[in-house]
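First chain A sits with chain B, and in the next complex the same chain sits with chain C.
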Partner chain A sequence: MTRYLDLYWLFLIQRLKTLMEYRASFILGAASTISLQAASIAAVWVVMQKVPSLNGWSYNEVLMVYGFVTLTKSINHMFADNLWTIGRVYIRTGGFDRFLVRPIDPLFHLLADRFCQDGVGNFVVGIALVIKTSIDLGIEWTLPKALMLIVATISGGVIFIALNLITAVSSFWVIDSVPVTRLVFDNHLFAQYPLTIYPRAISVLLTWVIPYGFASFYPASYLLGREIGNLAWLSPFIAAFLMFIGYRFWQFGLRYYSGTGS
Partner chain B sequence: MIHSLNRRASMYGALFAMIPKMFMAYQLWFWAGLVMNIISITILYFFWDAIYANATIISGLTREQTLNYVLLAFFFMPLVSNDLLWEFGSNLREGLMIHHLLRPVNFQAMNYAQQLGGLVTRMAFQLPIMLLAMFLFDMQFPADLNTWVAFLLSALLGFTAMFFFSWLMACMAFYTTEIWGLGVLLEGITIFFSGSLVPLAMMPAWLRGIVLSVPFAQALAVPVGLLAGITPVSDAPRIWLIQLGWIISMWILSNLVFRVAVRKITVQGG
Partner chain C sequence: MSVIEVQELGKEFQVPQKDPGVLGAVRGLFRPRYENKKAVDQLNFQVEAGEIVGYIGVNGAGKSTTIKMLTGILMPSSGTVRVLGRDPHKQRVENAREIGVVFGQRTQLWWDLALIESLDLIAKIYDVPPARYKEVLEQFTETLELGSLLKVPVRNMSLGQKMRSELAAALIHQPKVVYLDEPTIGLDLIVKERIRDFIKKECGSKGMTVMLTTHDLGDIEELCQRVIIIDNGHVIYDGPINTIKKRFGKFREITFETAENAKAPTLPAGAEVLAAEERKLQIRFDRTVSSASKIASTVMSQMEVTDFSLSEPDLAGIVKQIYNGALDMEEK
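On to the complex of A and B.
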């Protein structure tokens, strides 16, 4: 374990050295995604100036849910972006074979190969939104709530990564796994808003099938003192379970990997 | 013998499997795109549904009008998004810009024709999801012919104004080698300022003033407002005139800026 941590650190340093060679594009990349978040938030702001309640949720409460999903998504973006590019960049080119002959876990190698700076902007926006709305709403940061912020951020991030891993394994068969991943990943958009605005089928889907609800709605509900928020303590178990499935499926997929002949 | 036969079988087997794999990749993109769009319009629908739970009219708009507007705005998004910036970027990166400029056709006119073709294609791809929205969320198109004429002309004028404005923005590619960040930044601005997320009527006056002082809304909020029945058709001539004003000013400005920017051409190999 410590060996892998040390290794990750070395990979990260190398990656940052490369990124610092192109400092302007590093900053642009990290900052640009903020504009997409700003557009959505501005829209919600405009609407909620007119109607102060979204199904019983105030502007700040809605923003906290939005903040959580932005935060947890950024973890995936920073540390596991290669699950998007595995097909195009590694498998199609044959570069993936390199991972198989090295004395470390191929999945670890794939993820450590590229820290993605574009997620940094979303991380900052997400954490800022959660903190800002908690201040505006006068939420008292007790120990369990502070703990929840950390637990939910990590678990939510892992849920994102695990779901992307499960779908990325399809690249061993179809090469470009991006459309398969998008099919599942895009469901996180539902979790930008309180799940209570949707019909029951959608909130069940986002809780028990594609559980992005645990990356935003449930932890936010917990911080807001809503009863349903207690479910949020399940998030580390759900994250661990999905990751277990994802890793087993990855190993299964690896056995089918035959290269593309490039 | 058997061993080598086996090896051959597996090799040719892999080659055989390549084509179905490639075919499947395109199929997958089609279905993924459809599902992504369904998710987006479902969210749009239930978000606005929840907003209207406690209000019958917001800023003079009923629930049906607003829903119709945001759904239609979603489909006509291709009106406001073109890929000129990426086009310029890749032309410059690969050193093709000079070839385009040497051709005996007007470079801007050539690009306009291409972007117009792109618009028609992208609208065609929106058709399946459009039908689904009519079926699932009761989205409605007007039956009145005048509304359609007003909309189509306004959409074409707005798209053209936006083309020249994008041309202006794309000229930035001459000054920077990194356009990805710029592109994403512009995308966020486009999404909000085009009025794709919220009807302009709901914005506070100062914000609407800012939105209408840049051309994004001319290509989306303005024509879609006509189609959704928010703007009366009698306003159409005035709207066309304003859009024409945008086209002329953006056409002049884009050509001036291009002439200056093109001297900055830096060829990154290629």
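On to the complex of A and C.
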């Protein structure tokens, strides 16, 4: 474990060095992150101007849900962006082979190979939104609430990663897994808003099937003191379970990896 | 126990069949058709510690597929592979510690990192003790002349520079088993020579077990005692390189283009017609018995020749002749 942490650190340093070399693309990436975030927050704001309360949720409360999803998604974005590119960049080119001949876990190698700096901006925005809205709403930060912020951030991030992992495994058969990943991933858009505004089927889906709810709605509800928020303590178990499934499926998929002809 | 043991090894690929045209593409979308392609079939061989084995065959013979199964990249469809007693696919990490791999067609290094940074990282991945790493690096810097390359990112390297770097990266942890899949592809003679020397020195003298794939018979002659020739996924020859050299090394081929369709000419001793096609005549001769000039003048005296060329036997020719029983005859 510490060996893997050490290695991650070394990969990260090299990655940052490379990023410094491509300064222009770094700055462009940061600029696009900021403008995208600004646009999304503006969208929430516009919606809340029209309907000051969404099913009993105020603007700041909705913004907190949005902040959570931004935060947890950014973990996935920073640490597991290669699950998006595995097919196009690694499998189609045969570059994936090299992960398979080294004495470290190939999945770790894949993820560590590219820390994605674009996620950092989202992480900052996400955490800022959660804290700002909590101040505006006059929430008192108790120990359990602080703990929840940490637990939910990590668990929510892992939920994002695990779901992307499960769908990314399809690249061992179809090479480009992006459409499959999109199909599942895009459901997180529901989790930008309180699940209570949706028909029951959708909130069940987002809680028990594709549990993005645990990456936003439930922890936010907990901080807001809503009763349903207690479910949020399940998030680490759900995250661990999904990751377990994802990893097993990944190992299964590796048996079908056929590389390229040349 | 042999270092590499391959038993009844087979690999099938599912190749999607594409029908031509838009209609074909649409049909493929709804009802994809697959054809099973046997890339490797019922392979059997063993490699002992310290051997350098040449693994050769024409394009598409199944060499890379075999290497990928030996390294654990691909899971066999049938049969078994054991490397130092382990299953390379199931015991991937343990196996990976003991092996070094070069795929001449692609890079193992990080495209954007300076060579030294890549090597540092690889040494960490393989957990090479710092003192050992330093020593090996110094040595490689000298033998592969990497001095001026250490600070250069791989993306800025020429093919030859890249291949030297790849070798360093593959051997920096001093593996027991080394797989080299076309390490001299596309290189000029001087770089080839240097790489051969390096392999001889690093692998040969340190008792590493090496499997070397190449299309350059020169590599094989210089490095290997033993060759395995495969074709269509099957082993068609496994034995000393000397037998191959003795049997095929003394032959040359002359191809004549003739003004009219050639009749079979009368030839001097030691020469035979390999093929007589329309306006083309292919003759093989034993250069210990006859000579190119003798054959040429004999043929020219019998028909009008517009052009001719001389060639040494290549791998494809050797494979063809093995099929035609060239080796059986001698063994019996």
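Quick note on the criterion: the second predicted complex is superposed on the first by the 257 of 262 C-alpha atoms of A that agree within 3 Å, B and C clash if a C-alpha of one lies under 4 Å from a C-alpha of the other, contacts with A are read in each partner's own complex, and residues count from 1 in each chain.
Heads up, the rule we're going with is that contacts are C-beta pairs under 8 Å (C-beta built on N, C-alpha and C of every residue); 3 or more make two chains touch, one makes a residue touch a chain.
Just so you know, these numbers come straight off a predicted model, no measurement behind them.
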{"item": "Fit or clash - chain C, chain B, common chain A", "value": "clash"}
{"item": "Which superposed partner A:Leu7 touches (first chain B, second chain C, both, neither)", "value": "second"}
{"item": "Which superposed partner A:Gly94 touches (first chain B, second chain C, both, neither)", "value": "second"}
{"item": "Which of chain B and chain C A:Leu189 touches, first, second, both or neither", "value": "first"}
{"item": "Between chain B and chain C, more extensive residue contact with chain A", "value": "B"}
{"item": "Which of chain B and chain C A:Ser258 touches, first, second, both or neither", "value": "both"}
{"item": "First, second, both or neither for A:Ile104, with chain B first and chain C second", "value": "second"}
{"item": "Contact residues common to both interfaces of chain A (with chain B and with chain C)", "value": "22, 258"}
{"item": "In the complex, chain A residues that touch chain C", "value": "3, 6-7, 10-11, 14, 17-18, 21-22, 93-95, 97-98, 100-106, 254-259, 262"}
{"item": "Touch list for chain A against partner chain B, complex", "value": "22, 24-25, 28-29, 31-40, 42-43, 46-47, 49-51, 53-55, 173-176, 179-180, 182-183, 186-187, 189-190, 192-193, 197-199, 202, 258, 260-261"}
{"item": "For the chain B and chain A complex, residues of the former touching the latter", "value": "14-15, 18, 21, 24-25, 28-29, 31-33, 35-36, 39-40, 42-43, 46-47, 49-55, 58-59, 176, 178, 180-185, 187-189, 191-192, 197-198, 202-204, 207"}
{"item": "Contact set on chain C toward chain A in their complex", "value": "13-14, 64, 68, 71-75, 89, 92-94, 96-97, 99, 101, 103, 105-106, 108, 110, 112-113, 117, 120-121, 124-127"}
